[in-house]
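One chain, chain A, links the two complexes that follow: it is found with chain B in the first and with chain C in the second.
For the complex of A and B:
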């Protein structure tokens, strides 16, 4: 059952990704931009321009360009997507796949931690504010949601850096590291296994790097937690309020179940929507955590995609869109499976 | 506080199991006046007694019942009062001690059984969790107990059902799961809040019988909360009537139904009393020899199911006629196809087969409704009308009464503006609406008035025939009585014939001249009202009439030595589900082997009625 469901979804995902590929391909070529001029400079000779155009393959018809990109009926002699090659960046001349693999885990790592922590904070907080409306937890959630959620994450990032790094440093207190990447410039990264620096250093028993990396990830992670957990808490709260007033909770109480059991009944029923929201935020943050990446100089996939767009680096843009879409689809698939596991009403 | 051993029952210090005094429940409303749902509520229940608590929807009866457990739906609070259970006040006890009483000594069944079970947990786990909360047993023992309880409440195949989730159960079965939970620790008191709302008549009887038997077995007292007079009359020993949060009357069941004291009690019993006094509709003004106004021959309607070859058999080989001015009742449980037949007769949905004849009295000729062109059908709708179940839903929320009633006149007549206005006022007077409602919008009127507007719209063009599709099921008992009265007056005054579709046999008995009983899309018996109600012949009709709880204390169901019921539940009317022979095969108490394979025909008996059962036709049963 589950196997067939996953197979179906993966099958569908291939079509979705193919559709995205084509849409993005023609989309960026429809923009009024001239990547060649950007590459060779304004003063280049017409021959140089023509040569650059040909070396990028832009002299072909758009359809032929697509075929070259896909790797069918290709005239360029180079492999395409169907051969598993996403192409070479026009700016850095390295393979975009390698670059994506380098930048993606950075983003994945800190947004994954952030959302896990946010979820862990949000569930009990949402539950207690739902069971006692107007109580301390409820008021705290309200104020927090209003305060933290209403201001942009780069602003909070800046404030965090100011306070936890600069100000604490000034007072000679233990403080956060400078917002200059995942490690101090002198430490070398462990050779990647998963690309997640905490996981890798742990796998290699390198505790010095582990602590340093955790120290550096602390602020960006908590910036995101600070901003998104308000929304998740509110979602949990809202569902809990509905569930607590539901007939089956009232019935569970009237049947004399213990408080703990009733709370578990309620939690079970109110989890699913919060999980879905978390997944949606995750998908959004894949490309949308750029401000946080920038402030802490993390060099994640969001930053990479912005750079590619500004430099009209078509293969890189296409690759980042595809990679982000792929990760989002996987996340949604996982959430749907989890959803079905906790809710028997959902069938594959 | 000294911890008590789990099974020890508190010593009885009072002659009552439950005694509530002066309970007041209040719901705080933000930025507004609080709502007091229950005011100074008093109640006593003796061991083994069946007490009924009755009242209109949202009169506070459910809230009062909940308060007997010390519970209120958030954000309500119990303001004052005492709930003595076995001599101890629940409202001042420690929360944990009350919790132990709930589910062990006081069981609870609520309405919406499917919503009262957790949607994501197996019902077995839910029964076991409650059992384990009150008894020191292992998980395995509790699970076994859950299976035993399911068997006791009459669920077949309990080993399989125990693993089911709420959404996989029919509401009848979910209701039984609740009673299994409620009775699992043999409570001294069972509180049942509308335990049968949403159940069909025969299932309701099955269920209440089981509850009654189970409680007699466990010697539990019962507080039964309902707005159904029939349940009260047939199962309760004593009745309390509640209106707008306050108790207005308390009496034993016999004296209540004989002579209710309070004005409000009298108003809800009015229809019954009228039926007793006048005997309901009489057939005097109907010419027995008159040619039928409407004649339906071999009507059938099959609904295709998407992505499937099988079909829903909503109606099959339906035959009946209605004389001018006559009312034919069409009864049956939900899913029996009554509504489909009503809509097919007016071609609101196109029948799959058969023909419908209509005697056009103006042209004095018989016309084939099934042959009308679309345009012709539209013109004929002036004479063939319908009134629907939900009065608010069938009126445009933005149209005033004036506009609603003017519309048919605009479409079908060439009256002048003044004539139309006069006609609208005349119509409003006919259905008993005051002139003040001329510009009223639907939501500004009560449900009863809304239904009057629907009726006025239906009679606007002097129709010969109206289909009344459950016209009173959305109304309160007192409004029902008024609307039924109105419909009978209109029929007598204007000579309109009705096809009266309802599952409420009390109103059918009152308004109809003849009655047809449907089961699974077929008519199983059709005859005069007295024939069908006093001596039904078809086994299904007999079970239906026997299971129907008439609001009267003569011949109470619990006093009968033989309670006729059907086994199991109604199969869904899909091609492959339908039995080959008699559709009742498998549920019938008089079945023999031949019934399994022999399809049944509607046969006329010597007394004039028609029955679809070969054993009845041959005089065997």
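For the complex of A and C:
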């Protein structure tokens, strides 16, 4: 049963990705931008412009360009998406897929940590505010959920840099590192295994890099936790309130189960929507954490996408949108499967 | 005497029949009550809602003054937000100096100080922070209402006429929602030219699917109600049933959503400017001001980006508070 569900979802996801590919392809070509002029410069001769157009394959019709990109009935002789190649960057001339693979784990890493921490904070907070409505925890959760959800995360990131780096440094206290990347510029980054720098250094048993990376990831992660935790807490609380009033909790109570045990049952039932929300936020942050990446110059997929967008690097733009959509679809799928594990009421 | 006796029965009068129709008896198809949200009462009773309303009114007022300044009619703030003053990187006055400076400028009429300091180009941060709503609020409000209009129209059509074409429309809306919001907005703005008009279009496109979805769900619920059938029965053409009868009754969810959308649109506008895919400098815009101040915050020049950030935080929180209040009443 589960196998069939997954197969159906994967099939749908491939369809959706195909739609996104085509929409992005024609979408960016419909916008009034001139990538050739950007690449060859304003003073280039018409011959140079023509040559650049031909080398980029822009002299073909739009439909033929799409076929070249997809790799069916191709006239360029290069592999396309169907051959597993997302094309070559117009600016750096390296394969876009390789670049995405290099930059993606950076973003995935700090988003993942942030959401795990936010979830760990949100669950007990939401639980305690749901079990005592109107109490201090409840009021705090309410205001926090409304407040944190509407904050400019990039500004808070800057404030954290100002306080935890600059101001603590001024006072000669232990302070956060300068926001200049994942490691101190003097440390050479070890070759990646998984791309997750904390995991890599653990695998290598390299504690110096581990502590340094954790030190550097501290503030970006905290920035995201700060912004994101409110919404998840609110979600846990809402569902918990609904679950606590339901019949099976009343039954469990009247059967004489301990408060702890009842709370755990209620928690299990109220986890599912909170996890869905977490997954949605994950998908949102993949592209939405660009400003935070920029502040701490982490060099993730967000920074890569903004660079390629500002340089009119069409293959890279298409690839980043596609990769981000793909990762979020995978995460939604994983969450749906996890739901079935947690909540026995869900059947496929 | 006999009236109290349950055994005595008399023939029912029309008044008796009226009494039989109790408020709790729902008559299928007739909406029993209209959704009304008493804003004045909410304003009086709920502190959070009041705060939100005050913030919205303040920023709207500043936006209007911003446009007056833009057309050189009247300037509320001391300096031109677009022109460098010549005093570079001036620190804002300390707390204790403020009363004295106020006395000097307001009573004695001296040259006003830089209340929030100046950035490294010499632009007055105070004037720019107050003038910024003319960019931010205009973009956010126009974009939110544009997406509401488009989304409501499409949602109405998609919910009222259920056929292959509207099914296709919904699939396109689904596809739009699968796009990463921030990156899509960045692409749209950066590739079609960084100006206010294109930002409005990009935000409208990004937020339209939400309104399509909301309106469609509501229209599908309304379309089976009795009044729709009555409207048809008296001979209204389909389009007039849709736009004249169903539409006014299915606007509420969109109107409730709009406050939240404006808040998020402000966040997105400033975020785009912050990463360099929004308005061009030196337009007074909060995100852009934060970006201009960001390079210097590491060196301790905190004033360039702290004040616009506080402004964004307050404004968006205000919109979220109002949105939350409306949503609470609607449910």
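By our rule, the second predicted complex is superposed on the first by the 345 of 348 C-alpha atoms of A that agree within 3 Å, B and C clash if a C-alpha of one lies under 4 Å from a C-alpha of the other, contacts with A are read in each partner's own complex, and residues count from 1 in each chain.
We adopt the following convention: a contact is a pair of C-beta atoms (placed from the backbone, for glycine too) under 8 Å apart; a residue touches a chain by one contact, two chains touch by 3 or more.
Bear in mind the structure is a predicted one, so any value in this text is a computation, not a measurement.
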With both complexes overlaid on chain A, does A:82 touch chain B (first), chain C (second), both or neither? neither
Just to be sure I read the superposition right, which of the two partners does A:211 touch: chain B = first, chain C = second, or both, or neither? neither
Touch check for A:26: first (chain B), second (chain C), both, or neither? neither
Chain touching more of chain A, residue-wise (chain B, chain C): C
Thinking of the overlay built on chain A, is A:18 touched by chain B (first), by chain C (second), by both, or by neither? neither
Taking the touch rule as given, give the residues of chain A at its contact with chain C in the complex, in rising order. 16, 19-20, 23, 27-28, 31-33, 146-147, 149-152, 154-156, 158-159, 161-162, 165-166, 170, 178-179, 283-284, 286-288, 290-291, 294-295, 302, 305-306, 309-310, 312, 317, 320-321, 324-325, 328-329
Interfacial residue positions of chain C with respect to chain A in the complex: 48, 175, 178-184, 186-188, 190-193, 263, 267, 270-271, 274-277, 287, 290, 294, 297-300, 302, 305-306, 308-309, 312-313, 316-317, 319-321, 324
List the residues on chain A that touch chain B in their complex, please. 133, 244-248, 250-259, 261, 265, 268-269, 342-345
Considering only the defined contacts, which chain B positions touch chain A in the complex? 66, 69, 71, 73-75, 99-104, 107-108, 110, 112, 115-121, 129-130, 133-134, 165, 167, 178, 181-182
